[in-house]
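Next up, some structures in structure tokens.
You will see two complexes here that share subunit A, one where it goes with subunit B and one where it goes with subunit C.
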Partner chain A sequence: MSKERIKIAPEMFEIMPSEYQDLVDRATYGKEGRGWKDIGTSKELIEEHSLCAGCPESMAFRYILASLPAPEDTVMVGSTGCTSLVFPHVGVHNIHSLFGNQNAIASGLKRALSVRFPGQVKDVVVLAGDGATVDIGLDMTLQAWFRQEKFTTICFDNELYANTGGQESGLMQKGFVAKMAPVGKTFEKVKLPEIARESGCHYVVNCTVSKPNLVEKVIKNAIHVAREIGPTYLQLYTPCILEIGKNSMEGLQEMRDSEKPTERFAYKEYVSDEAKELLTELAAKEKERKAAAKKQLAEKQLAGKA
Partner chain B sequence: MATQSLVGTKNRSGQVVTDPWKMMHEAERSPCFFTGSEVIKEAIRRANCDVMIAYPITPQSEAAALIGELFAEGFIGDYFRGESEFAVMSQCAGAAFGGARVFTTTAGPGTMRAMENFPMWAGARLPIQMIVTCRGINSPLSIQPDTLEISYLLNTGMLVWHAETAQDFYDWILKGYMVSEEPDVHLPLALCCDGFFVTHTKDVVNLTPADMCLPPYDPYRSPVPCMDMECPPVRMMRDPFVMKSNYISYATHASWQQEVWAAVERSRKHAIRWLDGLIEVDRPDAEILIVSSGTAVSQGREAQALLEEDGIEVGIVKVKTLRPWPEEEIRQATKNAKHIIVPEFNVTGWLAKEIRATIPDADRVYAGPHVCGGMTMPPEVIAADIKKHLGIKAESLAGRGS
Partner chain C sequence: MSTMYEVLPGPEHFLPPAAASMGVRLPDPGQAHIHGKIVNEDEAMEVAARQFLSAKVPTIFPGPLVLWAWNEKAAKKATAIRHLYETIKESVSPSQQAMLIPMPDYRPKYPKINPEIEINPNHPNLTIWHNKIDACMFVGVHCHQANLSLKIIRGGTYCYTMAMCAQAGHEDAMVSFRDATADKIMRLADWVKKLKGSVEPPKD
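Right after this comes the complex of A and B.
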């Protein structure tokens, strides 16, 4: 979508809602190198949410939406759960249809957009919880990867069914006592990152959302690889502070504790050779872009002084 | 928006985009002798489809595979095999959300497996066309003809039509897109037929020219936004209705459900125009009427001929659309009938129940004969049941315990 589409006729500008004026004047549509540092300086794709106070998912949402490389041409697909309470606030087209079918929806969507807009960027990003990704939707998650569908799958892993009140999920740790696991979960946390690698994903990362820089990097990498090569998977720890007995202020510390080198969310990535090549190429281009921008700024400052 | 202006241009496979009314009603037709599955392929060849998603299940596998051949020939934008009917129907939804004209086929247990998707399709206003080649859904496993699955589709909010012949099928696939894509309708269509009887038998079908096709689907005529980021996104609400237990939340859901069903009703005028009425009546003044849908209509016609030899006059009402339900048409057509016979290829007699709920003096309805599990319905069985119902002595038929 070109930014022209949202331009307001000058005569009408004053009567448009301020939200819309902001979207036109201060949105980051079409901005090269957009990222989490834009938060607070531009119109965000999400400003309000209906999650619990202090929920790490809300941080994750903000970082992810700020990091989408082309939000003006991105469609997101969600599923039922806490994320589905947030999507109605999100300023990119997004689809909620059923519980667990997100990767099937995304497969059809991506193919339709490829048929309708050949040669144009139209990114599709799935964002769903661990119940949707690993339990009820596992076959569709994996089959989309087997078929090499060109979209990114993001799993918000809070290690349980949060929205229905804290029941056991496949990504829950072994031994954790929860609803529907009254004597503790009896089997290991499903190793979806490893399964993703074996299923054909070209870029897989397992991490927490404690560091916005890191979230921005992996989101951009995952979307670029999916756009050019094939499926990518991000498993992001977004603990449900409510269901693990933490307070609103303790989400960040919980993530920091869980990403220590010996812990289950220690940073882990897999990148295929094809993806490595692409990411090296993109990094070189980004370096060039930044150098050119710096040079331009310096020249401008010099001209100003003169 | 753009469809009319595209008339006369060529599509991706070089076919000429044709005014659909002219294509269906005025263009020269040529006869072919094809199976129902081949007829589905020929209709889709001319439907300007963007995406078809397939999954094998008898008796629709052949049609689904033949459409793959169309993709290989360049007539379809994309085509692939999904992993299950539940996934396929979600993939169809994804493609339709993205603004594609979508086609798929299923049958029996596949329809049941995919069921969660259908009210979602209707609620999301996705004008997907799904062919249902009905077969048994019971256990023990059956792959034989049986129309029970149609009854499960009737309350999904989809349009549900029931084709009798391969010719119906050919015409209704193309006309179906024209009805379901109308902005005031914009709903999915389940186009049903009786598996094997229609899909696996050959019949003479008159085809429209292969170099003509329907205008492409225009997703910007949809009553809901197309999910392609080509129009500005809106933040829908501050608090999603799913979270709220209050009047506004209930009223929102209620009014949307009412709107979906209002759209089914609004499809009535388009279906009447394209299908030349929601029902077809032969000898409306007869005191005995056979009212049925699908291939039971064909068998009813044979029974009509048999009974005529015995001096018993029988009329026929063919029900073409089950949703929208032709309530007024059926009331009118049956107003003089003393006996209304409803033969069906299923064990529960869902069509008879619908008719009983529609007409005054419902005790005029005789629900039967019912055959199921793949049994055929010889016209002699219908004729014998009618005679029995009228108190006329009929020869006993072997194997029916009479």
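Right after this comes the complex of A and C.
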């Protein structure tokens, strides 16, 4: 698993646009312990995106792509919405599904990959908005969890249909008035994290994307648990600054305000016993790896001085 | 259905008909087609070589199947394509400008491609217009994307299109080969070399 998968034919290297050359030379495919800290020092797996300036979803996208444990062996399944504007610009295999059926597509894909590549790790990650996850695609979302399909579902929750002008969604908070929902939401925000837990998800997190290290941790946990045990679900608050009347610079503060202990995106986590065991094991291995790397570095520095 | 329709350089119109729907059929192994007419492969080789030699900007568009070294076969084809390009470059007059422009992938790029250095199947006409390309050959492009490009080019430009297809060929190209291999591409390079000096360069 590494950049060996993406070699440009030597005779063609010089004619390739620089972003492809960079992807081959400087991307983090196959790098052990890759994470959000690689952003800025390596080639990101997202090219120029087409989201609005300051959009928290674009931050989330960058953190997620930087945190995938094995991007070269990952297939992402997207759905209609702002995310579908970004998928054409990522260096990870991806499928655009019909609006709402992303978890059904992912189920079939995961099973097909297991048959086609037995014994190999192939991660499937669904990334869709709240409309696709909770309204239009709720049936497919839940059925995938009931069946214990081994993939991660990530919901970019911006609490409305942003891409089409601000219609009410199931994850919109009660009383909120949007451009295309002038009466205001009359019922509570659907408690999907709780529903996910009850539906059989082994790892569920509800949070914002204000802290990149936290996003990295939950992404890695969710993918590892899905790989080994069963379905996982992440609900990430990525507010649509345009639809809630904020400026480009105010997305981060909006997330910080919404993650306070009494607010709707206060960090919430559910981990099944099986998943806890796995994550403890993985954390111990990671600690060992880091200690070994530190030791190796120290020895190298010592050898350099000598 | 009789074949009266000829696949000729455009601009035909915004949505040219798919040549297949007009009765153009694909060649059998060992054959090729010129403007929709089935011919033997050598005849098409000569026509393709003449097109390269008589164009102001003869261009090869390699696609992902040959740009990336997926396997040994792909790498060999890349070498052959490079050889064909170098042969064209050496064989044309200084007033002609041979080009090798990649189609690295098929995504609709944002905000738009750089037409000077790449071509994209969703708007291949941008690259044709920008570089004033009057003869081109697609090679190593997946068939669906090649068909899309060929139709758009025929619809909106006057460029002469050729396809070196590894499968069954393309009705929508003006000249199409099938079952492309590295050897077949080298044979085309030999034809270019053979006809060097015998084809009149384009007039300004």
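FYI, the second predicted complex is superposed on the first by the 294 of 306 C-alpha atoms of A that agree within 3 Å, B and C clash if a C-alpha of one lies under 4 Å from a C-alpha of the other, contacts with A are read in each partner's own complex, and residues count from 1 in each chain.
Heads up, the rule we're going with is that a residue touches a chain if its C-beta (ideal position, glycine included) is under 8 Å from a C-beta of that chain, and two chains touch if they have at least 3 such contacts.
Since we're looking at a predicted model, the values are computed, not measured.
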Partner chain(s) touched by A:P17 [first = subunit B, second = subunit C, both, neither]: second
Which superposed partner A:P182 touches (first subunit B, second subunit C, both, neither): neither
Partner chain in contact with A:H93 - subunit B first, subunit C second, else both or neither: first
Contacts of A:A9 with subunit B and subunit C, given as first, second, both or neither: second
When both partners are placed on the shared chain, which of subunit B and subunit C touches more of subunit A: B
Touching partner for A:E48 - first (subunit B), second (subunit C), both, neither: both
Subunit A positions touched by subunit B in one structure and by subunit C in the second: 6, 48, 50, 85, 88-89
Residue numbers on subunit C that touch subunit A, as the complex places them: 62, 66-69, 74-75, 78-79, 81-82, 100-102, 104, 107-111, 114, 117-118
Residue ranges of subunit A in contact with subunit C within the complex: 6-12, 15-17, 20, 47-50, 85, 88-89
Partner subunit A, residues of subunit B touching it in the complex: 50-51, 53, 77-78, 80, 82-84, 86-88, 90-100, 102, 116-117, 120, 124, 225, 227-240, 242-243
For the subunit A and subunit B complex, residues of the former touching the latter: 1, 5-6, 19, 23, 48, 50, 72-75, 77, 84-85, 87-95, 97-98, 101, 104-117, 122, 139-140, 143, 147
